[in-house]
C-alpha cells in the first residue's frame, strides 16, 4: 500500500484517539497488574524504515526483505535444486513443495528439482537414490492433499554425508522445510558447506505447527491447526453438555508453546479451563478447585490441555507411583488428567462423565486452509528468490506484516512462547474460570 | 512476547542474512521494474516504541493501544451500552456481538446491553422500540451462526434523531460495527454528541469483507471469505476441466479493492486470469488475448473478477448499446464478461463451454472460521475496554501485530487498496497468464 | 443379512403393531384426503423372491441381481473395455471411473481400459484418438476430486460412427455413465451392435443429479447434492434473518423432478415455500398469498424453487411481455421470481430485502460425500460384473435395498418424479406455508 | 411414485436383462463360493402389497405403515407428551427432538411437550422435576447442533418408578429415542402400562450409530458417522504416506456390528485391512501376514478395526499376560493392535512408523448431515402420527424404501450384523488385502 501520500500534512495528533475526559472509576475486572494497560505503550504506524538507526539511544534492528533481484547469484538454467521436508506433518507442506517446484521450473527455468525422500534421511548416501525428479505435472494438485508427497522423518544425520549428497546431485540451492530441530541441522549443513567453500545456498522454511519459532509471527499451518482443534473442542463441548455433569477434555499439540491451545480456546468460546506449558505452576489441586468452581455455576465443563503441560510434575508423580522401572515411559498428560479428575470427583461422590479427545493426527494431516495456502505459496516463492540471490543459512520469516529473511542462528536463539503476562493470555483469562489464589 | 532479554548483546549484524557472494546473473523472470527488489528496504524488527519521534528527519507516528485500565471513565455498574450492526453481512458479526455482550455483562457488570435492530435504522425514533435487551443466554451460541442476530441495513439516518435515541436509552457507550460508509455515520454521531456536550463514547469496529479500511491490516471475516471464495474457484476449476475448452468464471466481492480476489487466487492455485479494480486499464481486447494465450497451452481456463472491475468501461459500453432508456441499470461485470467472452470465442469459431459462478451471498453469510472467531472475540473485548476508558470516535484497529486505536477521521481519509506495484500483486502475476503489452 | 433363521416360528401377528384401542378423535392436521392413511397399505417384509409369481391375481415382477459369476461371457485377459461420461457434472463420476478401472485391471486383469474423452463426442471418429489408456496410478486419487477426468459433453452422435470406434478400439464392454438422454444413446448403440451381430456389451450407470430415473431408488451424487443445496438454503436463511422482512430465494436443480428441492427443504428445516415442477398449478398469485401469509407471522422468509418450475407459465408471460423478438430466450425462473416478488411487495408498499442464490455449479462440481462414494464404488463393481457376464443394454439399478439390473428400455419408459400425493411431499407440506385454496 | 400406470402392458420379460450369450469362461476373481452369484436370486420390483399372503407356500410378512389418520386415538389438544433420549450420542438426536416437538405443538396442538433429562434417569422420581417444557422457540435451531439438548445416560431404572412419573406428568405418549438396550426398557415400560391398564403409548425411535437394529435398513446418524469416519481414515492415510513404511490404524465404532467400518472402508478407498466383529476367526498371525503381504507391494498401509473386534481373543491374551488382578479392565483393541503390530515388525527388523487414531467422540458428536436431517425429520413426524393413532410398543422403522412400524419385541429378537457372506462384505474383500489361507 502506498501510504506516503496519505500522510501528507498529518501530525501525531491525527493518530491520537479522542477521549471523553479523565478516568476516575475503578475497573471491576479481577485481573493482575501485569495485564492492565499503562499510557505510553503505543503501536508504531510505520513499518518499514531505511537502514538501522537508533531512537532515543535505543538501537533499532531490521531484517532484509526477500524478492526477485535483477541480478542474481546463480545462473538458474544451469543449476539443480533440492527440497526436503523434515519433522512432523503440518498442513501446507505440499503447498510449499508445489510453490517452490513451480517457481523453479516455470519461473527460473532451473534444470532439475529433486525431492529428497523422508527428511534428512533422504540426503544420506544410503537413501539419496530414492530422490524424485519433480515435474509440474507431479505437483499440480498436491496442494489439495494433506501431508507431504516427499515423506518426512525425525532424527539426525551427519552433515558430512548430507553435503556429499548435495555435491553428488550437483545441488545449488537446498530448501529445507522443518522446525527448530531441523534447522539446527540446516545450520550445520550450511557450516559444512562453508568449510568446504562450496557455493550451495541453504534456505529454510520454518515449519512448526506449534508456532514456536522466534521472529516469525505465525508459521504456516497454524491457522488450519486452530480450525481443526476447534472442531475437537466443539465435540468435547457437545459431549459435556450431553451428560449430567459432563466433562470434555481435549489434548492439543504444544510441547513447549501453547499457541494452538490458546487460539483454539479463543476461537471456540466454549473452554472453561485452558492449560499451557508456559504457566509453570501446574498443580492438580488448583485444577480441581477450578473444576469445582465451574460446577457450582454450570452442569458441564470443557478443559483444554497442551501436550507439554505438567511434564515436570508428571515425571515426579510417575516416579513416585510406579518407581523402579528402569526405563521411564513419558506418560500422556491427557490420559493422566482424565484419570486424576475422575478419581478426584469420585472421591467427592460427585456424579460425572468424562470424555477424552486426542485429535492430534487428525489436525496435522489436514490440507491447508485458504489463508495458509496463500501464505505457503508466497513462502515458497520467497524462498526461491532468496536462494537465487545467493542468500544462505536463513529462514523465510514474516514479521511486522512483511516477509523477511531471518538468519538461522538468530531464530534458534530461543523458542517462541506465549507471553504469560501478555494481552493474548489475558484474553484467555477473561473467558475462562480464573485460577484460585 | 518478551523479546527484550533475547536482544541482549545483539547487533544489526545478527539480523543480516548471510550471502554467498556477488549477484551477477540476469533474472529470467519477466517482471516490470516496479516488482524487482532493491537493497535497503528492510523490515523493522521492533514493533512498539515510546512516544513519537523522528528518524533521519522522517516523522514517526504511533497509535494508542487499547486494554483495561485500572481507572476508567465510566462507572460500569451504572451505565447502559448499545450495539448496532450496519451494512452488508460479514462472517463474524455475531462473534463480535457476543464478545461485547459477555464482556459488558460478565466482566464490567454494566446494567443493560441494548441491541438496536437493523443498522442505524434501529437508532431512529421510528424503530428504536424494537431494540433487544441482550442477555448472556441470548448470545451464548450465536457465534456458531453466520449473519447478525441484530439484523442490518444500509443507508443514512439523521444524527440528531439517533443521538436522541441514545439519550432516551441512556446509552453511555455505543458500539458501531460497520464499514467506511457506516463510520462516516459514526463520526457524525460523535460530532453531534460533542455539540451537545454529552458523555457518550462511540467505538467503531471496522467491518468490511473487502478489507478496504485504511490502517487496519486485516478486517474480521476476511479469512473466512477467502476460504469460501476458494470453494467457488474450485468449483469453476472442476467445471472448466470437465468440458472441451472449458472456462470457469467467478465473480468475487470487491467494489473498490480486490483483496478477496487476490488472496483467493493465491489460495486456489488454479486461477489463470485475476481481474481487480485497482488495475485501471481494463480492456476486453487484453482479456481476450490472455484467454487465447492460455488456450495455446492448456484446454481449460479459470477467470476471477472482482465485482468493481471495469465499471467505467461498463457504463460507457452500456450507454452505447442500450442508450436512451432514461434509467441506467448497472450491469453485472460477471454476466457481462460471460457474454463477451462467449461472443468473442464464437466469432473465432473456437468451441468452448463457459460456466459463471457468483458466490457472494454464500460467502458473506458463512459463520466465522476459527482464526476470525478468535480475532472477533478480541476485537469485541478491546472495544469494551476502549469505551470504558472514555475513548471515542475511534476504531479498533490491528496494525504491526498489535491491536490499536485508530481515530475514525484518520481511517476515513482514503480507502485501502491493493498496491498494484507491490509484492502481493506480484505473486498473482507470477502464477497467472501475463498481460500482453 | 441372513434373516431366514430369525423368521423361524414367526407369524404375521409378530409383525403387527400393538394398539391402544379404537381411533375416534378427529385429526386436527389440515391435510387433503390424498395424504391421509388408510389401513391396509403395508410394507412387505421380504425383499427377495424366487422367480416371478402372482399374489391375488396381481403379477409380481423382479429384476436380476448383478454380481460375479463363476463362468463369465468374456475371457477378461483378452479384452479391452471403454468408459465414457456424458451430460452434466455430478458428484461421484470420478469414483465410478476409478472403481471400474480398478476392478477391470486389478480384479479381472483386462488388457486395456480406455477412457473416451468428453462424452459421446469422444466415441466419434473425429475425437476417438484423444482416448486415454487408464492405469491404476492415473485413477488412484481421482475420487477425492469433483467432476470427471474424462470430461463430458451433451448432444447426439450417430451410433454408426460410435460403434465403428468401438470396433476400432476392439472394445468388448462399454461403460456409459449418464442420464436418460445419454441412455437413449446407449440403447441405440446396443441396437446397432445387435444389428451388426457384434459381441459388445453396453452397461449403463445411471447418473442424474435430479434423481429422475425410473426404477432406481436413488442415483449417485444425490445425497451430496442435497448436502450442498442445504448450504445454499442456510445462506439464504441467514440473509433473510439479517434484514427487515428479509427474503432468501434459492434456485435448485430439477428440470422435471423436484427431489433435490424436496429433500433439501426437509434437511434444512428453514424453508417456508418449496416449489417443484410436479405441482402443476403454479401461479404468482398463489405464491404472493403464501408469502404474505408468512409475513403475518414472521419477519423473514425462505423460498426454494426447482429450475423446472413454471416453464409453461414463464413462456406465456414472456411472450406477452417481450413479444416480437423472433428468438425466445428461456428466462430463468429464479431471476423471474426475484423480480416479480419485489415488484409485488413494492406495489403493496411492503419494505423488504430479497437475496437470490443460484448454487447449481457449486453443487454439481463437489466431490462425492462418503455414502455416495461407497455407493459409486459398488455401482462400478457391479457394472464390471454385469459386463463380464455378457449382460447388455442394462443399467445398474438399486431397488428394494439391492443392486439390480434394469433393462434400459424399461428405465426409459417414463421419468421418475415426486409423487405429489405421496408421503414425502406431505412432509414438505407439513413444515411449509400451506397453499391457499 | 405412482408407478401403476407405467406397468400397464408389461410382462416379466420387460424386467429381464438382455444377454450376449452363454457364459463359459472362468472368472479370475479369487473369491470363495459364498460370494459368487447364482441365477435365480432376484430383486422384487413391487414393494407394497395388501395383506399377508403366501407365494409358493412361502409365507409373506408385512409391516404396518405409519402416517396421519382421519380418526385418531387421542384428543391431541388435551394431552401431554414426553421425549427422552438414551444411550450414547448420535448425530441427529436434536433433529428428532425438534421434529417431534414441532409436530406436536404446531401440527397436533398438544398441551405440553416435556423433555425428560438425561435418559431414563430423567423419568425417575428422583430426577423428573428437571424435565423441560419444550417450546417451538427452544428447539428452533437445535438441529444445527450435535448431541442432545435433553442429555442422555445409560443404565437401568425400574419401570414402576418410570410409569409413576408418566402418570404424574399426565403423559399420553412417550417418545423414546435409543438403541436396543434402551428399547428393552421401552418394552418393559409398555408392559407395565398394560399391567396397570393405562392408555399411554410408547413409541420408540431406533438410535444406534452402529446401525445394528434388526428390520431397520439404516438408522439415523449412520451416514453422518461414515462421513466423519472417512475423515479419520483419510488422516491415517496421509500419515501412513508421510513416513517410510507408514502405518495408519483407525479404531471405529461397532461393538457387535461392523457397518461403520465396512462403509467407511468402501467410502475411503484407502483401507488395506478392515477388521469387523462378524469375522469370528480373528488372529494376530493372520493380521501380520496380511500386513507383510501389503508391504511387499507398497510402502504404506491403512488398517481399520471396529471396536468390538477380537474381544474373546483379547480377554484371553490379557488374562494370560496380566493375570491375577481380580478385576479385569477391558483392553482397547486399537491400542492393543498398535503395540502388537509394532512389536511384531520390530522383531522382524522392519523399519516402520505407526499412527493410531480413535475418532469416536468426534464422530458421534457431529451434527446430522443433510440426508440424515431429512430422515430424522420424517422419523419424528411418523412417531407422532403413530402415537396419535394409539400404536404402542413399536419402533419407527424404514424397510424396503418405506417407513414402517416394527413391534419392539420383533426388533429385539436379534442384533443386525454384517452378513459375512454377503455382497457388501464381498465389496470390502475385493478392495483390501485378502486373508491368507
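Think of it as A, B, C and D in the order they're written, each chain with its own count starting at 1.
Just so it is clear, a contact is a pair of C-beta atoms (placed from the backbone, for glycine too) under 8 Å apart; a residue touches a chain by one contact, two chains touch by 3 or more.
Bear in mind that the values here come from a model prediction, so they are computed numbers and not experimental data.
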| item | value |
| --- | --- |
| Self-contact between copies subunit B and subunit C, residue sets same or different by half | same |
| Chain whose average C-alpha position is farthest from subunit C's own | A |
| Subunit C and subunit D: spacing of chain centres that average the CA atoms, whole Å | 26 |
| Averaged-CA centre spacing for the pair subunit D and subunit A, given as whole angstrom | 40 |
| Distance from the mean Cα position of subunit D to that of subunit B, given in whole angstrom | 46 |
| Subunit A: positions in contact with at least two other chains | 145 |
| Residues on subunit D engaged by subunit A in the complex (per definition of touch) | 89, 117-118, 121, 145-149, 151-153, 231-232, 234-236, 238-239, 241-244, 246, 355-359, 361-362, 365-366 |
| For the subunit D and subunit C complex, residues of the former touching the latter | 1-3, 6-7, 10-12, 14-29, 31, 33, 35-37, 40-53, 55-56, 58-77, 95, 98, 102-103, 107-109, 143, 190, 199, 201, 214-215, 217, 223, 226-227, 229-230, 263-264, 266-269, 369-371, 373-374, 377-378, 381, 385-386, 388-394, 399-407, 409-410, 413-414, 416-417, 419, 421-423, 426-427, 430-431 |
